[in-house]
Amino acid sequence: MVSVECELLSNEEDAPGHYVMALAAPEIAAEAQPGQFVHLRTPRTFDPLLRRPFSIMLADKVHGHLRLLAQVVGRGTEILVNTPVGAKLEVLGPLGTGFPLPTGDGDVLMVAGGVGVAPLISLADALRGFEHPAYIRGLFGAADEDMLVCWIEFAGRCDEFYVTTEDGSAGERGLITEALAQQLDRGQAAVAYTCGPVAMMAAVAQMCGDADVPCYCSLEQRMGCGIGACLGCVIAAADGGYLRVCKDGPVFATDRLDWEAILSDQQ
Amino acid sequence: MTSSSPDLSLQIGSLQMKNPVMTASGTFGYGVEYAELFDMSKLGAVVIKAATMKPRVGNPPPRIAETPAGMLNAIGLQNPGADAVISEKLPQLAEYDVPVIVNLSGESVDEYVQLAEKFSACGQVDALELNISCPNVEHGMDFGTRPELTAELVGKVRAASDLPLITKLSPNVTDITEIAVAAVDAGSDALSVINTLLGISIDVERRRPLLGNVTGGLSGPAIKPVALRCVWQVYEQVDVPIIGVGGIMNTRDALEFIMAGASAVAVGTATFVNPTASVEIVAGLQQYFAEHDLPDLGALVGAAHP
Amino acid sequence: MTSSSPDLSLQIGSLQMKNPVMTASGTFGYGVEYAELFDMSKLGAVVIKAATMKPRVGNPPPRIAETPAGMLNAIGLQNPGADAVISEKLPQLAEYDVPVIVNLSGESVDEYVQLAEKFSACGQVDALELNISCPNVEHGMDFGTRPELTAELVGKVRAASDLPLITKLSPNVTDITEIAVAAVDAGSDALSVINTLLGISIDVERRRPLLGNVTGGLSGPAIKPVALRCVWQVYEQVDVPIIGVGGIMNTRDALEFIMAGASAVAVGTATFVNPTASVEIVAGLQQYFAEHDLPDLGALVGAAHP
Amino acid sequence: MVSVECELLSNEEDAPGHYVMALAAPEIAAEAQPGQFVHLRTPRTFDPLLRRPFSIMLADKVHGHLRLLAQVVGRGTEILVNTPVGAKLEVLGPLGTGFPLPTGDGDVLMVAGGVGVAPLISLADALRGFEHPAYIRGLFGAADEDMLVCWIEFAGRCDEFYVTTEDGSAGERGLITEALAQQLDRGQAAVAYTCGPVAMMAAVAQMCGDADVPCYCSLEQRMGCGIGACLGCVIAAADGGYLRVCKDGPVFATDRLDWEAILSDQQ
């Protein structure tokens, strides 16, 4: 983990309101594990004050670059995506505990919702790099075609690739959980990984649990420090306590979490 | 410009600090989290997260809300309890050449006394900070808002421990100097000024408070003017060292606090924004004192007072 | 989305406001300064700068300091005195179709009563706001920090005037609800929550306080979480309309205050940053209520409370 | 007076840390009187919060442009001068009471110190436009050659032009007050105008007072509203009260002010 100033190398709109940003960050790229994230400072002034967390979508260890996928949802991300190429950003990372790699045989399922595709791309990229690459079945759900951000990057790293959109503008019309049900029915999955809206991940967790497929999800929470010191980013654990998203996560085995509490804290 | 090396050291009772920059409780975990990023022994002292007698799970999330130039937190004193802090957390800190201060939070006078005894006996801490100002737990602020309770609490803890005693004051009071005087008269060796301001943020989409706990403690640059005012007022009424806390982001802010009357500063929220803020302030103060030919800390403490 | 026109009107005693957006005293002069920029009759009410019995020259400069997401001011109640306000300032405002509220600042109960009588008799104001929370003059906050004094003051002014009475509370107290309840029990028709927080800024170059008056009142976005917390707490204890004040910069902030329990909002520092902020908020609220099918103001007031 | 969004048309460094910025602001340019100012919002976030006041250096009524001269002294000006050309700035103006134009015969003296040259350029420009232009003797003092910001613009509008620098790198070595003494000795001045550091203006006020030459200065003070409503920007008046720099000024007849109080408030 290092705290460094990184040059913004490129910044391109991939889908409406979604930007792919490349940073020169050799120390972070070298260390990064799939599913880890960086904590970024947007402006130098004190409003907005806090850093913003973003998953590492790709860590190019050869060139020392990081790729992030940023969706504009508020003031911080608005400022971030308007940062001119060439400017420097303060970056802390790599942070958190990423995805455990698959150990046994069998296929790997990846279930992405919207911008949640980012950490799954980093995971798929790592799995591709193995001597005996796992067979990846990628599932990507979005509201419509426009929201299938970075789908080419994702699809290119999967052996099979399925898309659903709510309005049917691309792939099957429907929810990604319907596609997941079919995949689970095939009975070949050894492990599932998911990232997307909480309600989607809760459903994925439930379905994988029912099918006895170990499942890992990448969660989000408002953060203070990003490195485990402030206890600000917690999420309800199955055992009644709380886990830190920034340090114990952002990736958790779905059965370690109290999904009911997580969903109700969101309301 | 001179090449002399100014003396920034400072003494609070038996606590000897090589410089006046500390971390603020709750913003630096148990120290080790930041060890990868900088050398903790460069700091004057490390103040760890509040310890309570029993383990506490803390408040439901969300626990953090960003506000203009500030943040609200409602951690709710999550910690593994005094025994686990002593057996699991403090030994890790022992590796570093830096004084350790533990922040104590009790539910009764008795519990504070027991905490003080436990940590005094463990031999691993250099001073106690009494948190009588936590806005995020029920009754957390009671001891910090009524001078007679402050006096009783500080007096009893004083009797129970030989460690240097720091009392951390709340800004959420009509007259902070009343509480300050009560704490000092009862034997507090120093005062931390201030803890967070009580605040709320509303989530307009969901039409309810953003924080799981409804209210939270406001920290960060937004509160700096209030913290400076509190330090200023307390400095005029007491003679013990004041540790300035509240919105200190950089060397310039630290200088403001020292000029207002603080003998030391604690860096809190700044560490989230810039993880190396505290050590940068150590270096910045050293440079400022050298460049301005100030022989020691005392030469600047309270300099802005008439 | 609907085309219905929600009812944003509001009544405080005999004061009828067409919408809940007012200006905050001291940030809008005597109204006329802004008349060139927008149509004042679009506002729910205009609150003018504090009036005192005798003319006051105010505090020495500098009177303003910028702070992170906030500002300190120490104007010191500069004003030409009640008689001149009545004869010179109010007639200019009479041209506009907007209720006028005068903010009163006395040095004793008697003086407040005299001010109330004078302004009630002049026939040019629609309500009185008692400023018992000014941090920038000696004893300015006394009436706002001790419930028994608050009660006495409000009671006597109540007896002396038939105008709707608003009491403006200070956040610089241990328990704001105590003061709120005292004011309401003594006959206050509404409460303004809050006035500024007491703060200081140090000029590091000159090594002294930046403001001529040393301390000043902190306003602006920085204090919004504290103001929201005060509104929230007061809403749970009293049944009169609350006017939310403190860091309201835009419609979203106004909605936060309404959901926390405010029936109206006053826009202060925002006007300096964006001179048309207040009328933009009027339009923004109208749009929000229409889009969310809210029939009237009451449908949202306090909505964030459990 | 209007509150408008204005495009930044150009932004050039004139001297180290000093930028000449042109804005498209036809309504403001049309109304502007010499010595008036604008109140500018730098960023959209709330830190820094307040607007920043700047004198109008030139109001090009034909093209509807304003020219400002901004010296970087703190965070707000730092952000301002880094605003990219083409961006929009929120501008309130024209504000305040400017210079009264000379009424009688006789020469006009203008005494500028550093960045204080800006409002004097607008004044000289207006005087040049008269049917019977006044004879302008311009005096410009600075620490060194580098700090003679916009001297060409100033000199070009004066009939006579004198420069002093403290280090002698341009013009006479010395203080501008020495040059002023010589000019006053000539006895032909009908009126003097000055803008620069307070200590300089206090000296100019004193010298003109002694020589019985009416003198007007342009002052600075920290501002809240900029339009006379908040009473935040006051300065000590000779009669014991306070005057608002933003509304009663920024230009004042020097004999209306309490210079002793003004100088001591600065310490």
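Some points to look at:
Per-chain residue numbering starts at 1, and chain names A, B, C and D are given in the order in which the chains are listed.
The working rule: a contact is a pair of C-beta atoms (placed from the backbone, for glycine too) under 8 Å apart; a residue touches a chain by one contact, two chains touch by 3 or more.
The model shown is predicted, which means the values in this text are computed figures rather than measured ones.
Judged by contacting C-beta pairs, the busier of the interfaces C-D and A-C is C-D.
Separating the CA-averaged centres of subunit C and subunit D is a span of 36 Å.
Each chain gets one centre point, the mean of its Cα atoms, and the points for subunit A and subunit D are 55 Å apart.
With centres set at the average Cα position, the gap from subunit A to subunit C is 47 Å.
Shared contact sites, meaning residues of subunit A that touch two or more other chains, fall at 46-48. Within subunit C, residues 65, 67-70, 220-222 each touch two or more of the remaining chains. The touch graph of these protein chains is complete, with an edge between every pair of chains.
Within the complex, the subunit A residues that touch subunit B are 1-3, 41, 46-51, 90, 92, 221-236, 240-242, 247, 261, 265, 267.
Residues 68-69, 221 of subunit B touch subunit D in their complex.
Within the complex, the subunit C residues that touch subunit D are 26-30, 33-34, 36-37, 49, 57-58, 60-71, 73, 75, 78, 206, 212, 220-222, 249, 269, 271-276. Subunit A contributes residues 43, 45-48, 75, 79 to its touches with subunit D in the complex.
Note for the complex: subunit D touches subunit B at residues 46-47.
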